[in-house]
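The structure's right below; bear with me while I get my questions together.
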Amino acid sequence: MKILENLTKINRRYIFLMVAVAVIVPLIIPMNLPTIPGKYTIKLYDFIDKIPPQSQPVVIAADYSPSMMPELQPMLESIIRHCFAKKVRVIVLTLDPNGAALSEAALKKIAPEYDAVYGRDYAFLGFKPGSSIVMMSIGENIRQAFPADFYGKSLDSLPMMANVRNYADIPIVVSIAGSAITQSWIAYAGTRYHANVGSGCTAVSTADYYPFLQSGQLVGLLNGMKGASEYEYLNQKNGYSKAPRVAGKGMDAVSIVHLLLMAFIIIGNVGYLVARHNQSKKQGA
Amino acid sequence: MIFSTNPWVWVAAILTLCIFSFLYKENPFYRFAEHLFVGISAGYGVAVYWNNAIVPNLFVPLFQQHNWWFIIPGLLGMMFFFRFNQKTGWLILIPMAVLLGTGSGMSLAPTIQTNILKQMQSALADATNLKLGGWGLIWGIVTLFGVITTLSYFFFSREQKGLLRVSANIGVWFIMIGFGASFGNTVMGRISLLIGRVQFLLTDWIHIIK
Amino acid sequence: MKRQIPLIIVLTLGIVFFIQFFIPSQISTNIYQTTLQWEIVISAFAIVLAIGSLINHHMLKIQRRKPHWWNSIVTLIAMLVMALLGILGRVEGMESLGQLYRTLFLYVQAPMDSAMFAILAFYMASAAYRAFRARSQEAALLLISGFIIMLGVVPFGSLLWSKIPDIAEWIMMVPNMAAKRGILFGVGLGMTATSLKIILGIERSWLGGGGK
């Protein structure tokens, strides 16, 4: 009994150490646990997969900062790879200033893998402040919010933008975000301008988006690193990508840390119940 | 173990370790990294706002296309600078009023439609759609029941007793399950962020994993 | 006067753009489109407030020689250097500065930002171990739901029992969604009420000094 009570008093630095080991070991010695794509990952994947090649472009809004990179950057990269492999045109923009450098880095890395040509296969519009204002502006005319791309070139000089005016010419907006900005995309692009909206969100906010999935306001959803890993898996399975699965590798470590954390919670609770039992016994005596 | 030969990777790795050192206790390395981070990100933001908004959305229409109407938003925006003078400080209320007024007016209808009408429609549709049949219909009814009881928990205009209290108590169960779901996912999210950093250290810096 | 002008602007613009949603005539659409273009410009200048406060805070720290004041010099120099690199890097012939700006973002700012959030994983583990107790029925419910989701979202869960991901999905789609939808209604009503209060001048805290 004393041991159980003492188990609740482990120094927090030992806990930190155990978490570090639980993360590092599965990364060095992978277990290659299976990936089973979830329903909403498949929905988003299938929606993009069905867009005809060389037709109207998908808009990817990379609204996140480096703090959310491990969850969201693999999503962005996987969706771009999927589009490039299928010859689906891509417009990347961001409403978070930090997203500009992150999405530019992703495009520069991936475009050469698929011989994607700037202006023909993809366009990078960069950052604009004002979030909901920008979303509504795109609904009127994308050139109002983005008169030029990230590099200062007029949108009219990019061949792929020739027939793109507003959401009516965009099959889907995929909001990859680490904040509640996806809800604004749903309200302004989705509700006000009837655009299809998909989401790639951090696991922290996944549970909050289920009402939108059920109501059909979201086409599909990628749930944090799990969703990114599933999208990477689908890309590889269908021969669209040969890139290493960054998120896929991370999921082994997530599994182990989840088990460790559950063990911590169980130990903490057993110790708590024992202490409570002992206390009530003392009071009874 | 082969270390990277890229000096920038070393910079990134050392700064990562400076931040991680906070886990032991606050120290000068952490404080230095923290201040450097604040400065770098503020400077980054200034340049992004300048290059991506001020130049293309104000200077180009104004000075290249000679669309003089853009003087108005330019002047309104410049009013934010009055903040730093006590006498004229109140003038920043004008651009703020423009942003708040338009923002509030434009957001009213989409918010009502998105958060209330569409959600209500969807909740009622699933609870009454006989085509769903069997479990689908049952879960639709359970969900609607959950929504109503959750709302009753937040209903404070009346003392919570009798039926309202029973309903609010059931609502708490739904809320707790919902928070549990959020917690489970949050754990995954936070661990993912740590994994990302460790992946960088082990892959890019010391090349242990490929 | 100082408060009435902003209140009149908010009232007028709020009403105009609420009505505009329902009357998409050519004139109202033109006004709406122009306003959207202008708003982006005005929003861009709002960064002045953040940067101004940051500079003020660190200048004061340096002037008053507060503890660790030298770190404030690091902040100010880093900000100045980064801003100049980013702005000058767009000038023809100075592209190398722009390249350095990108490199500093990717190898200095991004790693530190990521690392700051990464350490939360350790604190979360420690907090869960110390404080996550099934003290009541409600807390037990939260715990059980959290456990099932934690197992359901990782590949390990389905290896333990193939039904776990299905149960986790049911929790997400039925009880979780019911609770979140209820909360969403509340948020929607709250946002609507706040917008109306701002437009009608009932909510005046944004004027400073509580609007008195």
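A, B and C are the chain letters, set down in written order, and residue numbers restart from 1 in every chain.
By definition in this document, a contact is a pair of C-beta atoms (placed from the backbone, for glycine too) under 8 Å apart; a residue touches a chain by one contact, two chains touch by 3 or more.
Not measured: the values here are computed from a predicted model.
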Reference subunit C; chain at largest CA-centroid distance: A
Pair of chains joined by more contacts [C-beta pairs], B-C or A-C: B-C
Chain occupying the middle, per Cα centroid: B
How far is the middle of subunit A from the middle of subunit B, if each middle is the mean of its Cα atoms, in Å? 13
Which integer distance in Å separates the CA centroid of subunit A from that of subunit C? 16
Quick one: subunit B and subunit C, Cα centre-to-centre, how many Å? 4
Which parts of subunit A, given as residue numbers and ranges, touch two or more other chains? 16, 19-20, 23, 67-70, 98, 101, 128-129, 133, 136, 145, 152, 192, 203, 206-208, 211, 214, 223, 226, 254, 257-258, 261
Mind pulling the subunit B residues that touch 2 or more other chains? 23, 41, 44-45, 48-49, 51, 53, 55, 57, 102, 106-107, 109-111, 114-115, 119, 178, 181-182, 185-188, 190-191, 193-194, 196-198
Listing for subunit C: what residues touch at least two other chains? 21, 37, 39-40, 43-44, 46-47, 90, 105-106, 109-111, 113-114, 116-117, 121-122, 128, 143, 147, 150, 153-154, 172-173, 176-177, 180-181, 184
Under the definition above, what is the set of subunit C residues touching subunit A in their complex? 21, 29, 32-33, 36-37, 39-40, 43-44, 46-47, 90, 102, 105-106, 109-111, 113-114, 116-117, 121-122, 125-126, 128-130, 132-135, 143, 147, 150-151, 153-156, 158-159, 165, 169, 172-173, 176-177, 180-181, 184
In the complex of these two chains, what residues of subunit B are touching subunit C? 8-9, 11-13, 15-16, 18-20, 22-23, 28, 31-51, 53-55, 57-58, 69-70, 72-74, 76-81, 83-84, 90, 92-102, 104-112, 114-116, 119-120, 123, 139, 142-151, 153-154, 171-188, 190-191, 193-194, 196-198, 200
Using the touch definition up top, name the residues of subunit C that touch subunit B in the complex. 2-3, 5-7, 9-18, 20-22, 34-35, 37-52, 54, 56, 68, 71-72, 74-87, 89-90, 101, 103-122, 124, 128, 138-139, 141-150, 152-154, 168, 170-189, 191-192, 195-196, 198-199, 206-208
Per the touch rule above, subunit A residues touching subunit B in the complex are 13, 16, 19-20, 23-24, 27-28, 67-71, 97-98, 100-101, 126-129, 132-133, 136, 145-148, 150, 152, 183, 186-188, 190-192, 202-204, 206-208, 211, 214-217, 223-226, 244, 246, 249-250, 253-254, 257-258, 261
Going by the contact rule at the top, pick out the subunit A residues touching subunit C in the complex. 8, 10, 12, 15-16, 18-20, 23, 33-36, 38-39, 65-70, 98, 101-102, 104-105, 128-130, 133-134, 136-137, 140-141, 144-145, 152, 192, 203, 206-208, 210-211, 214, 223, 226, 251-252, 254-262, 264-265, 267-269, 272
